[in-house]
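All chains are identified by letter, namely A, B, C and D, in their written order; residue positions are counted from 1 within each chain.
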Amino acid sequence: PDTQSERDERHLAIQRVGVKEVRYPLTVRIGEQLSPTVASWSLDVALPAEQKGTHMSRFVAWLDALSASGKPLDATALRDELAVMLDKLHAVEGRIEARFPFFIRKHAPVSGVSSLLDYQGAWIAEHRAGSGTTVWCEVVVPVKSLCPCSKEISDYGAHNQRSHVTIRAELMEPPGDRRRPPPPGGGESTRERPVVDSAVELGFEALVRFAEASASSEIWGLLKRPDEKWITERAYENPKFVEDLVRDVALRLNADARIGRYRVEVENFESIHNHSAFAVIERE
Amino acid sequence: PDTQSERDERHLAIQRVGVKEVRYPLTVRIGEQLSPTVASWSLDVALPAEQKGTHMSRFVAWLDALSASGKPLDATALRDELAVMLDKLHAVEGRIEARFPFFIRKHAPVSGVSSLLDYQGAWIAEHRAGSGTTVWCEVVVPVKSLCPCSKEISDYGAHNQRSHVTIRAELMEPPGDRRRPPPPGGGESTRERPVVDSAVELGFEALVRFAEASASSEIWGLLKRPDEKWITERAYENPKFVEDLVRDVALRLNADARIGRYRVEVENFESIHNHSAFAVIERE
Amino acid sequence: PDTQSERDERHLAIQRVGVKEVRYPLTVRIGEQLSPTVASWSLDVALPAEQKGTHMSRFVAWLDALSASGKPLDATALRDELAVMLDKLHAVEGRIEARFPFFIRKHAPVSGVSSLLDYQGAWIAEHRAGSGTTVWCEVVVPVKSLCPCSKEISDYGAHNQRSHVTIRAELMEPPGDRRRPPPPGGGESTRERPVVDSAVELGFEALVRFAEASASSEIWGLLKRPDEKWITERAYENPKFVEDLVRDVALRLNADARIGRYRVEVENFESIHNHSAFAVIERE
Amino acid sequence: PDTQSERDERHLAIQRVGVKEVRYPLTVRIGEQLSPTVASWSLDVALPAEQKGTHMSRFVAWLDALSASGKPLDATALRDELAVMLDKLHAVEGRIEARFPFFIRKHAPVSGVSSLLDYQGAWIAEHRAGSGTTVWCEVVVPVKSLCPCSKEISDYGAHNQRSHVTIRAELMEPPGDRRRPPPPGGGESTRERPVVDSAVELGFEALVRFAEASASSEIWGLLKRPDEKWITERAYENPKFVEDLVRDVALRLNADARIGRYRVEVENFESIHNHSAFAVIERE
């Protein structure tokens, strides 16, 4: 008996139903590189009011096929795969979210010694009847912040700390890209797609640079003595309130036509308190 | 030098700036009872484009005064205190969020033996220029869910598991309540306030009941043997998909005129998988 | 049928069986003050090889009685209560662990303005046949550390960050304290109890002071501008490697005869890396 | 100035000093397969009393070299790499710990449909002067447990839930393996190495099987309807208390001569309570 396909008499649509906290391997594209990682997936569809339930196992079947294909996840693949998932679930609306750690190889500022720095990334794709498919890229970037007030009032030193810059950016679809089949349910997008000024698709590396370039100093996994001197003095010369940091990131996002809506949050793990200072700018 | 009060030339307003992960003691009202607990606070204000920074220490000063007063937090107190906080920060818009564990004394269904069950609660109050002050009450309720499909297809038994029902409900302001001073900045609410059908303010206990009454079975901290038999059979007689559970909670919320917008999420920590099934209904 | 009391034929004793992640209210004694808080409890007993199971509900019944009594938890109460719990479970060996946040009211170093700082505390009591009852007090203290190397090599500034000092200390039983009944099972302690040099029982406040006095600077919840100057300069004048900090705390613990075995760990949430530096000294 | 190499006058040795929460990519060997994953590393050495500090950056340099080599981590590689790390740090004692998710492809019991299940694994290697090098393998295995008491007292149904079986096992070194160079500092092991009865090195898959075979039922990522019937009935026919589960795993560990010391913990996320039941057996 296919209990899930029975009629439901409560007349209540469910916006999102599916699976979450599913861990599965994933290959992501970071710049030119393909990197293996492990993602935590959240997958859901909208369920019409008259339908009793969805078929949960199909989400995992879809995910296993994606993972087995070895296909790297980028914005284009995500749009295609969302259409496949909705088709498999016989659904008109739905959402994919994958959260994972990734790495960028960085060179220390003076010695040039190289090491990996870890970041937290996420891909989110959502299809809604009224607004078509939107794709979001999210990254959490660890940086250093140094307090301008502490520097100004003190005879020497200034308190500083690790901060997290979290950027969630909507990626605008490149114009003239018509290879893609229309999504199931046919919902035509009603939002204007701005012209994209660059042939290069926006990715994690660009968002990471926006955050690192805005901080008192970026950070590294491996530093030698001259590097440590450099980063200490660089941060002291470049103090930033949490408000400065969030605004400087927002200015950079505003200047990039490939980005639609966004949300930036900066959190300073204050070294003179046991709590955080934070600031958020959101463009809707 | 009051660096934070200088003019900022980036022309970017900040929607939210403040402190988070601040732990402070709190007294909450659960039914007729006042209960001490420990909350994690997130406090922020909006910062106009021309202003360089906010005064972070004033949030903690406000919080310390609130905590020292011993005043229990309920919807009315929260509205009043938000006005005080905004005034102290010279801000027009802002937000208070407090998250904390709380307890309800429950009696086992057969033996009647009593014990405390722990829930996660939150109070959220937000004041925006366009929409006035809104107050939200959130609760995470642990319950038991038993799978209808597993029951139907199996000769005996049915898989079941712990589930979390998370309800976030906007509390409608009682009509005719004019004791409260208008909020700073004078933003008049443009949303309709529906008539409230009850003199009793909606609180955590009501939301907990909505969740527990909708589950395959509610749960307890302390059960004797006859109670364990009762809960086992009760869940078996009362199977629910995650879709059923979220709809049954939504029906109860729809029937209560004291509730405005809401969001219900049910998460089943599946006992046949290593991931969760979940469903969300949101009323905007 | 009392399945749990049946004989087990696998001939395997279980060192610890019980409940964990039980949240229940608790009153703790901090200095002269009684403070309400919420604890996460782990409670277990040893199960002999021939016994099939323990009675889990008795742990919660014991906990509910303790909580309802309102009796504050200190080392003496913990010893007494462990005996009660073992008696209730018909067990010879067992363990109580309660983890909870607590607060100390602190005054800022220049302005004197007061606020609460939150710490993580734990009480652990264990009774083993060979070694009698031991009681441990644990505290996690947030402090500030400033890097000596960064200060020395840089023309200005020095990187600094939040650190956690975690101290777990065995409390020596005061000599001549014979009011307490012998534990069930009669296991006489074989460990020497050193003479205690002070009439005052060691508590959380003393451990917190050991950590704060050893750091580059202690921290506060609420600071005014002159306080921020003070803490900035104080840390700069008082640089400490993670190795220095852990040794300075250990020196203080070594000097206190009320402490038996201990473990100190310091973790620096490095502000120039995305990882921590840490160091551990343990006295067995 | 090499501040870290100065003499320290506090006369306190530090048992462990190093870095933790370092995230770096890793390849692990699961059965015949090499799998990429992301690990959280904790690396430390012992610091003699007269030495002021260690050189933290050398841990990351060692880790980067290991990661760049692409060499898969298994027990043999871990022993070799620990010697390399100690050499690089000029240390006599030290420890490596890497924690990571890994996957095993499993086939559903009736339909045979395949999917990945995620587990949490860890490799730990430690070298101490008195006891030589020990290597530990740890795994957290999610399974299903069904309560025997609930089944026996109820007219129908039985409560069941997800459980975690955590096994930490010391791997005995194969006899006659003399290819490996003696560790730096020359500490000759004083512990007896039992004869190993198998040419196959113990790995994650064997530990996972010990846990899954002991549960009421193992679990899968993807199940079709006949599989769900199978797992429901299998668990009902095979009820286990937390005490049964921990003992049945211990019996299997006792029967394998490749395992030295071990610790097994089972945690049931009870579906009739909001807390866990747990049990621990440890062989020292």
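To be clear about the criterion, a residue touches a chain if its C-beta (ideal position, glycine included) is under 8 Å from a C-beta of that chain, and two chains touch if they have at least 3 such contacts.
All of these numbers come straight from a predicted model, not from anything done at the bench.
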Quiz item: Any idea whether A-C or B-C has more C-beta pairs in contact?
Solution: A-C
Quiz item: Can you give the whole-Å distance between the Cα centres of chain C and chain D?
Solution: 27
Exercise. Quick one: report the Å distance separating chain B from chain C, using the average Cα coordinate of each chain.
Key: 31
Quiz item: Distance-wise, how many Å sit between the C-alpha centres of chain A and chain C, to the nearest whole number?
Solution: 39
Quiz item: Mind pulling the chain D residues that touch 2 or more other chains?
Solution: 22-23, 60, 118, 149, 153, 221, 223, 274-275
Quiz item: Chain adjacency by touch: line, ring, star, complete or other shape?
Solution: complete
Quiz prompt | chain A residues within the chain D interface of the complex | solution = 22-25, 35-38, 57, 60-61, 64, 67, 101, 103, 113-116, 118, 221-224
Quiz item: Residues of chain A touching chain B in their complex?
Solution: 1, 3-4, 8, 10, 12-23, 42, 44, 47, 52-54, 56, 60, 148-149, 152-153, 241-243, 246-248, 250-251, 267, 274-282
Quiz prompt | chain B-touching residues of chain D, taken from the complex the two chains share | solution = 117-118, 142, 144, 146, 149-150, 153-162, 217, 219-221, 223, 225, 228-229, 231-233, 235-236, 269-275
